[in-house]
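Letters A, B, C and D name the chains as they come in the text, with residue numbers starting at 1 for each one.
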Amino acid sequence: MRTFLSGNEAFAHGIRLSRVQVVSAYPITPQTVVVEKLAEMHEDGSLKTEFIHVESEHSALSCAIGASATGARTFTATSSQGLLYMAECLHYAAGGRFPVVMMNANRSTALPWNIYGDQRDSLGLLDQGWIQAYALDAQESLDLALMSYRIAEDSRVMTPFMVNMDGFVLTHTYEVVDVPTQEQADRFLPSYRTDNRFDFDNPRNLAFSVGPEQNFRFKFREHRAMLRAKKVIEEAEREFSDVFGRKYSGLLEEYKTSDAEYVIVTLGTVAGLVKEVVDELRNAGIRVGLVRIRYVRPFPDVEIYEALKNARAFAVLEKDISFGYEGTVYTNVKSALYSHGLSIPSYNYVGGLGGADISHEDILRIFDDIKSGSGRMVTFLGVSEDEYDE
Amino acid sequence: MSDEQKKTLKPSLRQTSPSSPDEIPEATCYEGGFLTTANASWRTVKPVVDNEKCIGCLECYLYCPDGCIFKKQLEKKLKVEIDYDFCKGCGICSKVCRKCAITMEKES
Amino acid sequence: MKEILWHGRGGQGAFTASRLLGAAFTSQSERNYAIAFPSFGPERRGAPVRAFNRIADRMIGDRSVIARADYVLYLDQSLLTEDYENELKSGGLIFVNSKDEDVHRDERIIRFDASGLGEKILGLPISNTAILGFWAGYTGEIALDSLISVAENSLPSRIRAKNIEILKQAYESGNRYER
Amino acid sequence: MNDKVLNARTLTDDEFFYGHKACPGCGGSLAVRIALKVLGRRAVSVLPAGCMSAVGFNFPQLAFANNSIISTFAGTASMMTGIAAGYRAQGITDVPVVGFAGDGGTADIGIQALSGAIDRNDDILYICYDNEAYMNTGIQKSSLTPYGSSTTTTPVCGGGKGNLTDKKNLFEIVAAHGIPYAATATVGNMPDLIKKIQKAAGIKGTRFIHVLCPCPVGWGIKSSDTVDIAREAVESGLWVLAEYQNGEFFLSKKPKEFSDVKNFIKKQRRFAHLTDEDIEKITESRNKKWNYINNVYNN
């Protein structure tokens, strides 16, 4: 049913439709609405779940892990400082192979304090073993809720899943969303079955320690499972489209890249704006395109190469900076191209930090820069040329 | 209660230890009570029970941190026996025995 | 695509009105798309706030803050400052809640006593649904029926009927406004 | 659950915690062993980072015969909450969820999660095995380390007195939440400990038992003295056996006459540096505590 919803509300519907059995979460702006909405659904009976009001984010995820160890489907949500506070448990869920799903409302991290959206929180935690997807809009957010369980719980994957939604511009923006029926959702998403749980007939010891002799094997499996997730994502999207009629394009989305000379690579909601600018420039006869990274882990290395191999130059636009180097997404993209032997001029644009607006003009300027080859390697949007040292 | 359920439950020493890649579980989840090494080598002194003195009060059984003292029927009387595979020789049993029926002897 | 910029004060319901607008617009056709979002931040009663709409008959990807709008709607006349022009696209219009006849400094500024209508029907100087209704009636961007059905589905029952009445009367005033 | 109070004869022959690598004479492992024997095969145990998880869960040497899991250091109670919720969500209501955390894991890093669980009145049994310092990492001071105790972070050198802060009153902190049941115990007073675990097992909501568990290594005692020294802690009045239920405190055992604090202190190397004056101070503090207890606790 077409409904006018915020990203948070849409996502909450996705969680309801996923028949989540245990929800544990702690409030933080801009995640709060998703938890409030789930609390409402819990109260009105439309969501049959154990709703746990935990006392911290660390406990939110620790509780979800405990519930997952009983074989229950679990959900938590957080943002920014909260995500950082649960960092220990992120490793724990991943290493223990507990397919917890978390919604992270992307938000700037202190200091300076700031509640607005950027992606430094989740991109700073890429190595924690979680699948990381970045949503474009409210519809994709809802759909990712359903798909995340399908993918995370697959026996080939067994890996926790973080759905990232840009704080405010997605979480708090209202738009049209098609909310599927429970019957459709049930057809797509089976209930959770796992062997990675307690068992009263054959008691198990979980989350144990492993010495240097065998430890690497467990880490290797974690890595292998994440790589296997690529195929499972494809399968899940195929079945998703059969049931719901909406198609997704796997680890990344290409928009008018087949003959594009200049391409912006980005992730999250800002891709929507880039699409509009691509259309405009195309109308003016300029061959530009967009690559939207949907999954940063597992990383679409081959797909990136395929999408960029015919381009003359590209820029990575991201709401993140790894201080002393460049944006983390840029590093990942360049590394993928290097692995596949592609070397073309590229530029990194760091924008949207602390919720700074990324405008239509900003995107035009980026295309302009890469076309003329006048961009610097790493450009902070909003910073004037004379503020740089060299 | 089935026979299986009646059987005493206890971690036990296994003959083989998972080591090859296909024996290693995918996740950190494995059969509980799976023991691959004993603790006997930790011991420098070992408790020896004098069944003449033992009155079967089970204080030693109750206070053993390793749970390696077991109830045993000997000529219809309750006595105890020790699993020397897992006894570390701490000496608590000897200390709590009211009848001084357990002595700590040097390991030979 | 049309872009709409709302000015209000915390508690006046600018964002609520923008949500009603978006929902009503998208209910009119399967092709219609809309986004509605507030100026983000902690909500504080009385503080100046903005809300934004983009409406189009295609997907909308641009979520950036609207700098220049086709329509700028003021729920509170005191927020209408001298640099209002910088927020207006050429050919754009301003709708302002005001009892003050002199607010017509500019033919692009259209005055409506939204608070007066709120006072009359709700007994409170609430202006958001009145401005929304008036704007829709004046511009014809959204049909009254769509506004009413969205209000029926989304407003709390306590204030539903009276706000629908406000929408109707305001829409009528906008429709009949002498240009 | 058996209605009669269990004893050595009636306790199950099952051994749930066996073959572990705890030091000889470890008080903590004794508490875990006995608690699981009382709770039985359906118990799911949660152990944070700490001695008991370090000695029990080294794949492939897995020393728990029942379903068990290691939690994060700070997350004992929150993981227990999740396990209880996970089973509730699946309509399973007969699983005792028990946690075994040390003094640091409970009174320091884990107190936030514990407080949260009690606040929600989650249906869990939390057992703190208190060996009075971070023993797993090599004897560092925790907030339950007693006054005067030498640890590696409160070393006795250059005339130092060891730890200069008093032991946190964890039992009353927990009780102040209005918890359905809380108790203190020691591994030297086994019938009392068994009775309390059994009682706790029969109560709904959050239950907490604080068990004094001497550590031969950290306390500087012989491995065979664990049980005796725990008993002496009670007899000297330095450790109080008590319960909290329905908003009231109850004394489980009141020594007719306290044994000499000095005897207790002098048996432990961690207190070897204390002077008669220091011991007098500890004795005075004990007397003050008992004045309060006699006024507030029911006998």
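The rule is simple: contacts are C-beta pairs under 8 Å (C-beta built on N, C-alpha and C of every residue); 3 or more make two chains touch, one makes a residue touch a chain.
According to UniProt, the chain labels map to these proteins: A = Pyruvate ferredoxin oxidoreductase alpha subunit; B = Pyruvate ferredoxin oxidoreductase delta subunit; C = Pyruvate ferredoxin oxidoreductase gamma subunit; D = Pyruvate ferredoxin oxidoreductase beta subunit.
Here the structure is a predicted model, which is why all the values come from computation and not from measurement.
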If every step must land on a chain the current one touches, say how few steps get you from chain A to chain B. 1
Euclidean distance of C-alpha centroids - chain B vs chain C, Å: 79
In whole angstrom, how far does the Cα centroid of chain A sit from the Cα centroid of chain D? 43
In whole angstrom, how far does the Cα centroid of chain A sit from the Cα centroid of chain C? 34
Averaged over CA atoms, how far is the centre of chain B from the centre of chain D? Could you give it in whole Å? 23
Residues within chain A bordering two or more other chains: 203-208, 210, 214
On chain B, where are the residues touching two or more other chains? 28, 30-34
I need the residues of chain D touching at least two other chains; which ones are they? 41, 59, 62, 64-68
Each pair of chains that touch: what are they? A-B, A-C, A-D, B-D
Which part of chain D faces chain A closely enough to touch in the complex? 41-42, 44, 46, 53-54, 57-59, 62, 64-72, 74-75, 77-83, 85-90, 92, 112-113, 115-116, 119-120
Which stretch or stretches of chain A touch chain D in the complex? 21-22, 24, 49-50, 52-56, 58-60, 62-72, 74, 88-89, 92, 198-200, 203-211, 214
For the chain A and chain C complex, residues of the former touching the latter: 2, 4, 29-30, 115-116, 168-170, 172-176, 269-276, 355, 357-360
Which chain B residues qualify as touching chain D in the complex? 8-11, 13, 17-18, 28, 30-39, 42, 57-59, 61-68, 70-71, 78, 86, 88-92, 94-96, 104
For the complex, which residues does chain D have touching chain B? 8-9, 11, 13-27, 29-30, 33-34, 41, 59-68, 187, 190, 216, 222-228
